[in-house]
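After the structure tokens below, expect a handful of questions from me.
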Amino acid sequence: MTTQIRFTAPMLNTLIVGASGYTGAELATYVNRHPHMNITALTVSAQSSDAGKLISDLHPQLKGIVDLPLQPMADISAFAHNVDVVFLATAHEVSHDLAPQFLAAGCVVFDLSGAYRVNNPDFYTRYYGFTHQHPQWLEQAVYGLAEWEHGALKEAQLIAVPGCYPTAAQLALKPLIEEGLLDLTQWPVINATSGVSGAGRKAALGNSFCEVSLQPYGLFTHRHQPEIASHLGAEVVFTPHLGNFPRGILETITCRLKPGVTHGQVAACYQQAYEDKPLVRLYDTGVPALKNVVGLPFCDIGFAVQDTHLIVVATEDNLLKGAAAQAIQCMNIRFDFAETQSLI
Amino acid sequence: MTTQIRFTAPMLNTLIVGASGYTGAELATYVNRHPHMNITALTVSAQSSDAGKLISDLHPQLKGIVDLPLQPMADISAFAHNVDVVFLATAHEVSHDLAPQFLAAGCVVFDLSGAYRVNNPDFYTRYYGFTHQHPQWLEQAVYGLAEWEHGALKEAQLIAVPGCYPTAAQLALKPLIEEGLLDLTQWPVINATSGVSGAGRKAALGNSFCEVSLQPYGLFTHRHQPEIASHLGAEVVFTPHLGNFPRGILETITCRLKPGVTHGQVAACYQQAYEDKPLVRLYDTGVPALKNVVGLPFCDIGFAVQDTHLIVVATEDNLLKGAAAQAIQCMNIRFDFAETQSLI
Amino acid sequence: MTTQIRFTAPMLNTLIVGASGYTGAELATYVNRHPHMNITALTVSAQSSDAGKLISDLHPQLKGIVDLPLQPMADISAFAHNVDVVFLATAHEVSHDLAPQFLAAGCVVFDLSGAYRVNNPDFYTRYYGFTHQHPQWLEQAVYGLAEWEHGALKEAQLIAVPGCYPTAAQLALKPLIEEGLLDLTQWPVINATSGVSGAGRKAALGNSFCEVSLQPYGLFTHRHQPEIASHLGAEVVFTPHLGNFPRGILETITCRLKPGVTHGQVAACYQQAYEDKPLVRLYDTGVPALKNVVGLPFCDIGFAVQDTHLIVVATEDNLLKGAAAQAIQCMNIRFDFAETQSLI
Amino acid sequence: MTTQIRFTAPMLNTLIVGASGYTGAELATYVNRHPHMNITALTVSAQSSDAGKLISDLHPQLKGIVDLPLQPMADISAFAHNVDVVFLATAHEVSHDLAPQFLAAGCVVFDLSGAYRVNNPDFYTRYYGFTHQHPQWLEQAVYGLAEWEHGALKEAQLIAVPGCYPTAAQLALKPLIEEGLLDLTQWPVINATSGVSGAGRKAALGNSFCEVSLQPYGLFTHRHQPEIASHLGAEVVFTPHLGNFPRGILETITCRLKPGVTHGQVAACYQQAYEDKPLVRLYDTGVPALKNVVGLPFCDIGFAVQDTHLIVVATEDNLLKGAAAQAIQCMNIRFDFAETQSLI
């Protein structure tokens, strides 16, 4: 690609598309606080009943902090010029269509949907139900698992921010797999429980207060399973659950070590992978609880070993390290800001 | 009215109309357990997407207990014959239309909506937004505040079961007002907090898990205020709140005693009113917590006095003493069963 | 043993020892409701600060239903005579000591602790930290996994009611293992989440409202793992979690089918095991949610299959099918009452 | 007093006493983030079992952010020198004793207990059960209701940060009373519900997850009632409730306007009081929900008027505007930093 990246330092003009949801509100909070970013506009679809409202009408916690309107965006023309950075907090199909337009306009695009996460068009036919129209961008997109893609992120124009479940799962498993510590003939079993905000901000009976209780869903059919397997290069059993809390994800991952692998080797493997990674917190002893990360940009990881059995526990805030904070982290890396700028 | 009540003892054939909601599920549970009642049918509106499903598909806790289908009811003809008792767990306007039809068919009707609660057609024009078409039934309807209407209930054909908030408020205030203990020039202040099930079983953003938190609503405009005031014959300030729990109502009622009224007089007043009323539980010391009544058919009442200030705390399960259990209690009284039959 | 069982039908005089806790309150509720049982006494340890209080002071939901005092029990002499049935809702060590005394007095004993669950004294040395003094009773004790021990229960004097986690895990796995459908070289992975009531009624920082959030605990070290493995005759990985809800357990069990085993075979296996077992509810499609069983005596089971991977979801109320309801179910079987008497 | 205030700008050396609790953790977070403050030490009582642990062991959300040890403090000698600012997050009696010692050492003291809130020694005899030994400091202490005490705060050595309930109550009522809009012959009725963190970080049955449910407590006897009344110069009925949420306070205040006072006058009154006060957010329409402020330093205020009846709703995070954030706000004012520095 020959598109020029326009970067008018020190302040990046920033557009948040699909700003009405929970992730949009978190992005707006981070960008507003960032010393090198301006919010140029917040947009929603032209059909949205939220168009014209203030973001703080929908998310009253932002009152007095970010009181900008949600502007209806019928097409990108009125919004793309003079914008450096675009966050797409939109549905997969919408991101699929919008990203190339913003890229063509010279923006750096951080897509929080699944539209550019797997470099294989067949993946979209099979798991997302649409034919991908932009295989060239699919090829160029950098998968924003930030701790593992520092180098590629620094050059990226299109960053596909990983899904909430895959972020924790991969941060937990990738070091072990890269180091060859696991016996992968026995698939790792990922039991993951997410807060209700993972289902988005919408009226739905299944999200209603009286209907929510701990429950597995999407057994063997959730799209995050192939996302995880594809990027890890290893099969896994992935079972998501709905939890009775608003936000956060906790994953308990049971796997098999190769014979002879010790607790110490596992600890050293994690240490090496994440010693200079400020948003992964390792536990020397014990495992994290969900509350340790709610409202924070971290992924916390702890584990226990018995013989060849290994249980890893990883937890994150699904809206933060699982979405908005990781997007900002990628942006910080992309533009050479401190990796945790405005996140901690 | 000359309509004959048909009563084929010992088993009452029972119809539950609008059985898909939370109150419907509680009614079905009680009726199924009742030794003198049969469930003849459960119905939903003919347009409902729940038509044809089992009630236990919607309310899985009923699986294996009540697995009957929710039948679409376009008109009453297919359902009214051979039915002794009808529970209307329907919207106000629907109850308004259906009740007279079932009454004409000789059924005893327990209406859990607001359609027949206040014996004054103007009330409906003003607070419910429709012109009441059945003033003769409005006049005959017995208000099913069970502890206070034993006599009238025994003869009633149409019982208007009180609203959830008004039940607790009136059980708390009525003895004091009847006994003349309150200085009503200072309006009692009723602060009430209800679980989310009070809003019904439906998809709505305001009921969604991530949106619910403690919040007042309907300040000075809730329809239960005039229902309470009308039946008490006294003005009150009524402020409902949405609470972050699925079920239960707790009301904290602050009022002014007439000069010289003592703690002992208040206690004696309650004792006299409720000593032989099994579903009101009085606290000699302290006040009840919400959890004391959740899942149970009681209204619990406690109070504290300081000088001329009186605080009464009343709590109930909004779906039970505030709806289904009170309807069954009224039915038990109406048909001379033990008042608590199948409730405890 | 030659001790005679004393059974003064039709009413069983019943003692609940350790009645102050959550399980005690549930037992008292069931026994009070049972047409063939009397509560002879409720006891607590002689040192307990709850001694002398009413059970309804501690558990106000029982007010007006069971208002009996919690009597201090220094030794069994004042309580054992004229008692037919004893429920021990006591600590393991206490049950270990008390059960033989009540048995010697001719009572039928239902022990809800772990003291008599595994017929192997070494188990207690290793996992419970004490030397079992009553190996002869350990041998005679019947493990009260009710659906699987109907025959033995009918003759039992000492019934060791299974732990909360093991009940759901075994009901889910036992049919599959008995039928030989699983490839057990890959250990079943049991991820289980329990409500906070599983930790008992006590002041503890870890149980306090602000400290509780979803969190694994006891990795590779929980005593329910060997209880499960011992009774199943198969090793498992068992990972308990604390959940942010008061009651209920949900277990997601991932296992490997033998090659060629089909979804239909799994379904038929469950059907055969539980078709005439009223307290296990099988799901033809989908899997249960926690709320389906809270407050109810059931264990609900559903599953999904993909190739040789099987995920079974089992859920129960930890205080009911995981404790009090299963104890009553065993008692009903023991004394030839209907299996669900007073439970549904 | 002639004590010199030592101020080594630009960095204030800061001591947090009683840092193990929920408020301590919030203070540590704020101070750590503040560009003009250093944490010199975090202390706990010399007897505390937490002594020697890291604050992030107790509050794992601080891991990697503040990992300082909780140092046992037997007396102030090892801690008072070279410290500019002391926050006392200690029990009333402890603050009562410590504050004068730190003041004598030249520190500016922000006391979050009740020990110096009311300038009347009798208050302590009556409501706190001890005889106040430091009436001269009681007289000099500035009550840190920040929006109302800007001037006095700038000179203060001892700041008594208001209680959690009184902050919201006074912010809501003080403008109306100062402006003379209320008919105070009818006492304002304050119904307040607090999250469980208000009870502190400790093992207590009443705080345990299974025991908490919405419940009034301390009727007519809570010490915050006289604190409110004393500072407002007006009597109120104050009824606190425990709510089933970890943090936040919502107060619904029902009062009587003087005849003729309009909605517009009430709005103007609030506008005038708080137009340049960044931590009070006024609602033009509607009233706030609890979630609007959780995790944030604001007090949100909305109201409704009908005839002479006024309902004001005020909400805040009890640990922030009700404790730590207000302490930092007072400190910011005291040392001429931006009022919201490190708070937003």
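Assorted remarks:
Each chain carries a letter (A, B, C and D) given by its place in the written order, and its residues are counted from 1.
Here is the rule we use: a residue touches a chain if its C-beta (ideal position, glycine included) is under 8 Å from a C-beta of that chain, and two chains touch if they have at least 3 such contacts.
As the structure is a prediction and not an experimental result, all values here were calculated from the model.
The greatest centre-to-centre distance from chain D, using averaged C-alpha positions, is reached by C.
Each of B-D and C-D has its own count of C-beta contacts, and the greater count is at B-D. If you average the CA atoms of chain B and of chain D, the two centres end up 41 Å from each other. With centres taken as mean Cα positions, chain C sits 37 Å from chain B.
Chain C and chain D have centres, each the mean of its CA atoms, that are 47 Å apart. Residues of chain A found to touch two or more other chains are 211, 244, 288-289, 291, 294. Every residue of chain A that touches chain D in the complex is listed here, in rising order: 60-61, 63-65, 278, 281, 288-289, 291-296, 298, 300, 344. By the touch rule above, chain D contacts chain C in their complex via residues 22, 195-197, 201-205, 207-212, 244, 246-247.
Chain B contributes residues 186-187, 189, 191, 193, 211, 213-216, 219-220, 237, 239, 241, 243-245, 248, 250, 252, 254, 287-291, 294, 304, 306, 309, 311, 313 to its touches with chain D in the complex.
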